[in-house]
Amino acid sequence: MSDTSHNYLNAKKGLWSWLTTTDHKRIGILYAIACGAFFLLGGILATFVRTELGAPGETILGQDEYNQVFTLHGVVMVFLVIIPAIPGILGNFVLPLQVGANDVAFPRLNLASWYLFMAGALMAVCGWLFVGKVDTGWTFYTPYSSGASNAVLWLTSAVFVAGFASIFTGLNFIVTVHKMRAPGMTWNRLPLFTWAIYATAIVQVLATPVIGITMVLLFLEKLLHIGIFDPALGGDPVLFQHFFWFYSHPAVYIMILPAMGIISDLMGTFSRQHVSGYTFIALSSVAIAFLGFLVWGHHMFVSGQSALSSIIFSMLTFLIGIPTGIKVFNWVATMYKGSVWLKTPMLYALMFLFLFTIGGLTGIMVGVLAVDVHLHDTYFVVAHFHYVMMGGALIGLIGGLHYWWPKMTGRMYNEKAGVIAAILVFIGFNLTFFTQFFLGSKGMPRRYHDYSEFLETFPEFAALNMTSTIGSYILGVGLVMILIYALYSLVRGPRATANPWGACTLEWTHTETVPDEHNFHDTPLVTRGPYDYHLADDVFGPKKES
Amino acid sequence: MAHSHHIIPIRILTVVFVVLLALTVITVITARIDLGVLNVPLALTIATSKAILVALIFMALKYDNKVNLLAVALGVIFVVVFLALTFADTEFRGSMGITEPAIVEPVPESSGYDSP
Amino acid sequence: MISADTTLKHYFVNHEQQFDAAKLGMWLFLVTEVLLFAGMFVAYAVYRAWHPEVFLQASELLDWRLGALNTIVLLASSFTVALSIHFVQKGENRKVLVLLLLTLLCAAIFMVVKYFEYTDKFSHGIVLGAGFDPHGIIDGKDYSKYNVPYAAQFFSIYFVMTGIHGVHVLVGMGIFGWLATRVARGHFSPQWYTPVELTGLYWHLVDIIWIFLFPLLYLI
Amino acid sequence: MNQQSSIWLPEAASTIAGDVDALFYFILITSIILFVGVISTMVYFAWRYRRRSDADRPEPVYENKLVEASWVVFPTILVAVVFIWGFKVFLEQGIPPPNSYEINVTARKWSWTFTYPNGVVSADLHVPTNQPVKLRMTSEDVIHSFFVPAFRVKADVLNGRYSYVWFESPKQDTFIVACTEYCGTSHSDMYSRVIVQSQDEFDQWLSDNMDDGTLTPAERGQRLYTQQGCFACHSLDGSVAAGPTFLGLAGSVRNFTDGTSAEADDNYLRTSIVNPMLQIVEGYPPVMPGQYAATLSVDDIDALVAFIKEY
């Protein structure tokens, strides 16, 4: 690259300057590289899982290997990809720019977070590779985990350490949003992406410490047998599930809320229209963040928790469905009388609406007490949460990466390749996961290495599983294609203009094409809302009389 | 340069310290008297009062930006949520006529344990 | 003394903003600490509600006099910290130094008492986890009588809670030591004393947690 | 009620299955209507308001408060209905009728054992038709979960406490039982069957399986092999599983992971049952439970050894 302008990418040179950077944009790039690598790893593991399940009986993995592979797939995808990715990559890169700040509030803490994250990630992956192949599933349920191999100690420590990265990132964002907004950037002028990251940060700060202490207790249970969770010692395994889900359910909102924020920004920009229900979407992000803490027990309807708590949790679960539904309606309504531009990021936004709506509606099904008794721990649940986590969170992330790509790299990607990859991802995703709804509602349990026994009753399982596996390959091809054209764009992509999408938020209107090391030359003065395209003569030129 | 933080007078700090010491003495004394069911709530009330005193005066929440107070309040609320919803399970197993797993008490070892 | 300008980071507009940001950050960190301990308090509450008589009985083995002593020591250290902030705001750095060293002393006393409590328990078979096997007679109490189901849970929770609290005290001591050297070198002024303020907040939280641990574990 | 398997759900073979299915289909159809509505509106808007010129600058449209309010009210009513309905069926699922026939269930890695009031122990669940059956379940090790898709019942099975499910099947047939809580290596082999029989057939089966003391040791061993769930890991026909097959085991030379080897004589077989972790045969994971010394009598172990030697 021979950049002529002075920007954050070329402000300092060499690997060392990257590893010691406190620039939020560079830290965002560091997260992008790390999360990208882990996503690749998690994806390869998923391909192994799907290949094993493609045909009945043992195909490529033995039972133990299969259990180890899906465990690492879960741990990597949840703790090392979906939870850190959007806040880590886009939150870091975009949030300070969107609020008009020159950096986050605590840049050194921000870098420390990345190192903590990497330390946790390496502990998890290296522990799994070199110490012992843990097969507990990412949920670490006791007493299975407390009786498993000692390598569990590595994984629990890894989650503990990576948790602190998440806490400090969230803490940084909350303080940045509260204290570092540019003049004129009132709360109701914050872009919805920033609102969403802010809400996410609240969850990160409040929920993550609990997984920390849970992991400490599990660690001690495994190492010293303290008898809090292990029933053989008088402990209560269901209590572990409470502790675990007190974090891990809100963690679902750590995953999905930022993606919702991205979608809001995309819908506004690519419809060139005021985002319908702005105030509602903003506040519902915060509302979802809080309500997300009250519903963890819906993972436990058949676990042996009291009927009373199942009923309370089921009721609260529906409360959270309502603001979520209204968000979807508002996103669709945003296009009304807009000017819809179907570029790649917008394709992902529409894809998100399609997939997330399925994920949300099936969420209602598994939230209903009686129906969940049948569907719990079957492939129906697997399909449901992949529609939410991958179809929601990761598709949102991919859309966001396409949208902010020119800002991050100064280059454009090939639009045609982008559209083809998006179509492949869409087809592959639905083939992979929609078939699993049928498998699950018929009764195929999750985490199964083999389903031969079911074929007698349900001969269609063979075809459904094969379809799902083929779908996963198509999905894989689509994702690899994105990686290829993205890398190509870095080297050969045409130079981007400062505001290629005609967006009205500060990162597009008040910084260089590729932002300067210190973001803004002059402190921006904000005079309009983030989606006031009709007022943005500075972006579009004076309005023509019609 | 505008930098006028509230300086808490020594007199107030001292009074708070003395009150905290007094409350400690009270909690020790009351805990050693058998008040039946009241022992636990009383001790918790005293502890909470002490914590509030420390937070408001020593930590200056009373004079501080209200956002900080809000953050603390949120933290406390979610501790209560955590406790309350967990108790909705642990304290109500086997209730409502639903066949619920009840805890199987292990047979107490034949030690010379006499209950209080 | 470091001049005010070098303490202002470029991405902040002024000291006020920087100070407020640091303080909000610290408060949020304290909230995460509260939730970290919340996990243990919930575990305590659940097991206590299930086995109240065992918990009551087991708590007799903890010496309330030592617990009360530690409570007073920690309250005193909180008081000295609060005073140190009072004086740093007034620029009386000599007093600040003395008060911080007093705080350090209190923390050290706390840890020494804790050390004696722990070793006393260990030597009579009261340990964290599977080795739990109380024995011996101390102060007329036959420890072996306390080897009942769920007594081990009480002591597991006791050790984990006070252990993690103890780690916090140790960390606090490290920070106070570091702060004292900085005070001695005149790094702080009424214009800029953020580290003292933040450490103070941290220390008060450690105190607050002990305020709850003391009655829950030693008294009731 | 005896509805056949559909594209969505397996056949409904218990009295409550129909109620669960009705709710399932209600939500499914409502969801499909909502989904089609949202997505077709989305596609229509994306086409109808597509960008025609880069200079397009549409007038802002602000949300209509009334429409927003309807988006709150309508879904709230819908989820309230679904919640109350789900709650009612949940109570039906949870409360067994007082005249239920009780069977004890023990789960372990990776098999099920069903114990009847008269002491009969079986690896398959035999139940009489048109009779409410209540299962009292516990686990010997980790958490398992008892699931009969055709009955729409499921409950986790825990160590140290009991959990319950109940069902009443009007249909004489055989249905699959699966473990739905991940429990390790052979989780996906932890199957059993529910065999629903007429009351007469069931009674006959119960009396046939009473142990009246006339069995040979090998026959008793065969019964124990089934009851204790040995079959989950040890096949009789040489097929591969988590543990070595019994076919040709007695008298063969065993190679151990520590490099030593030994002939599988009576003492070796006995030691392998009561202290399985002492010597691990090469190529197998060290996963066999160690409680048999405590749970089996000396006679039982002798019977098992006699049984193994027949293969």
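Going in written order, the chains are labelled A, B, C and D, and every chain counts its residues from 1.
Here is the rule we use: a residue touches a chain if its C-beta (ideal position, glycine included) is under 8 Å from a C-beta of that chain, and two chains touch if they have at least 3 such contacts.
Note that the structure is a prediction, hence the values are computed from the model and not measured.
**Student:** Tell me which of A-C and A-B has more C-beta pairs in contact.
**Tutor:** Here the pair linked by more C-beta pairs in contact is A-C.
**Student:** Which one of the chains is closest to the middle, using the mean of its C-alpha atoms?
**Tutor:** A
**Student:** When the centre of a chain is set as the mean of its C-alpha atoms, what distance in Å lies between chain A and chain B?
**Tutor:** 36
**Student:** Using the average of all C-alpha atoms in each chain as its centre, how far is it in Å between chain B and chain D?
**Tutor:** Centre-to-centre distance between chain B and chain D: 43 Å.
**Student:** With centres defined as the mean C-alpha position, give me the chain C-chain D separation in Å.
**Tutor:** It comes to 48 Å between the two C-alpha centres.
**Student:** Hunt down the residues of chain B that sit against at least two other chains at once, touch-wise.
**Tutor:** Correct list: 67, 74-75, 78, 82, 86, 90-91, 98, 100-101, 103, 106.
**Student:** Which residues belonging to chain C are in contact with no fewer than two other chains?
**Tutor:** 20, 24, 28, 31, 35, 38-39, 42, 46, 149
**Student:** Listing for chain A: what residues touch at least two other chains?
**Tutor:** 178, 206, 210, 234, 236, 238-239, 242, 304, 307
**Student:** Enumerate the contact residues on chain C facing chain B in the complex.
**Tutor:** Listed in rising order, the residues of chain C that touch chain B are 4, 14-16, 19-20, 23-24, 27-28, 30-31, 34-35, 38-39, 41-42, 45-46, 49-50, 53, 56-57, 64, 68, 71-72, 75-76, 78-79, 81-83, 85-86, 89-90, 142, 144-149, 190-191, 200-201, 204-205, 207-208, 211-212, 214-216, 219-220.
**Student:** Considering only the defined contacts, which chain C positions touch chain A in the complex?
**Tutor:** 9-13, 17, 20-22, 24-25, 28-29, 31-33, 35-40, 42-43, 46-47, 128-131, 149-150, 152-153, 156-157, 160, 164
**Student:** For chain B, which residues count as touching chain C in their complex?
**Tutor:** Of all residues in chain B, those touching chain C are 1-3, 5, 7-10, 13-14, 16-17, 20-21, 24, 27-28, 31-32, 39-40, 43-44, 46-47, 50-51, 54-55, 57-59, 64-65, 67-68, 71-72, 74-76, 78-79, 82-83, 86-87, 90-91, 103, 105-106, 108-109, 111-116.
**Student:** Mind pulling up the chain A residues that touch chain C in the complex?
**Tutor:** Touch list, chain A to chain C: 101-107, 109, 167, 171-172, 174-176, 178-180, 205-210, 212-214, 216-217, 220, 223-228, 233-236, 239, 242-243, 518, 523.
**Student:** Quick one: in the complex, what on chain A touches chain D?
**Tutor:** The touching residues are 63-64, 67, 135, 137, 141, 143-144, 147, 231-232, 234, 237-238, 271-274, 276-278, 280, 302-304, 307, 310-311, 314-315, 318, 321-322, 325-326, 328-330, 332-333, 335-342, 350, 353-354, 357-358, 361-362, 364-365, 368-371, 373-374, 376-378, 438, 441-443, 445-451, 453-454, 457-458, 502, 531-534, 540, 543-544.
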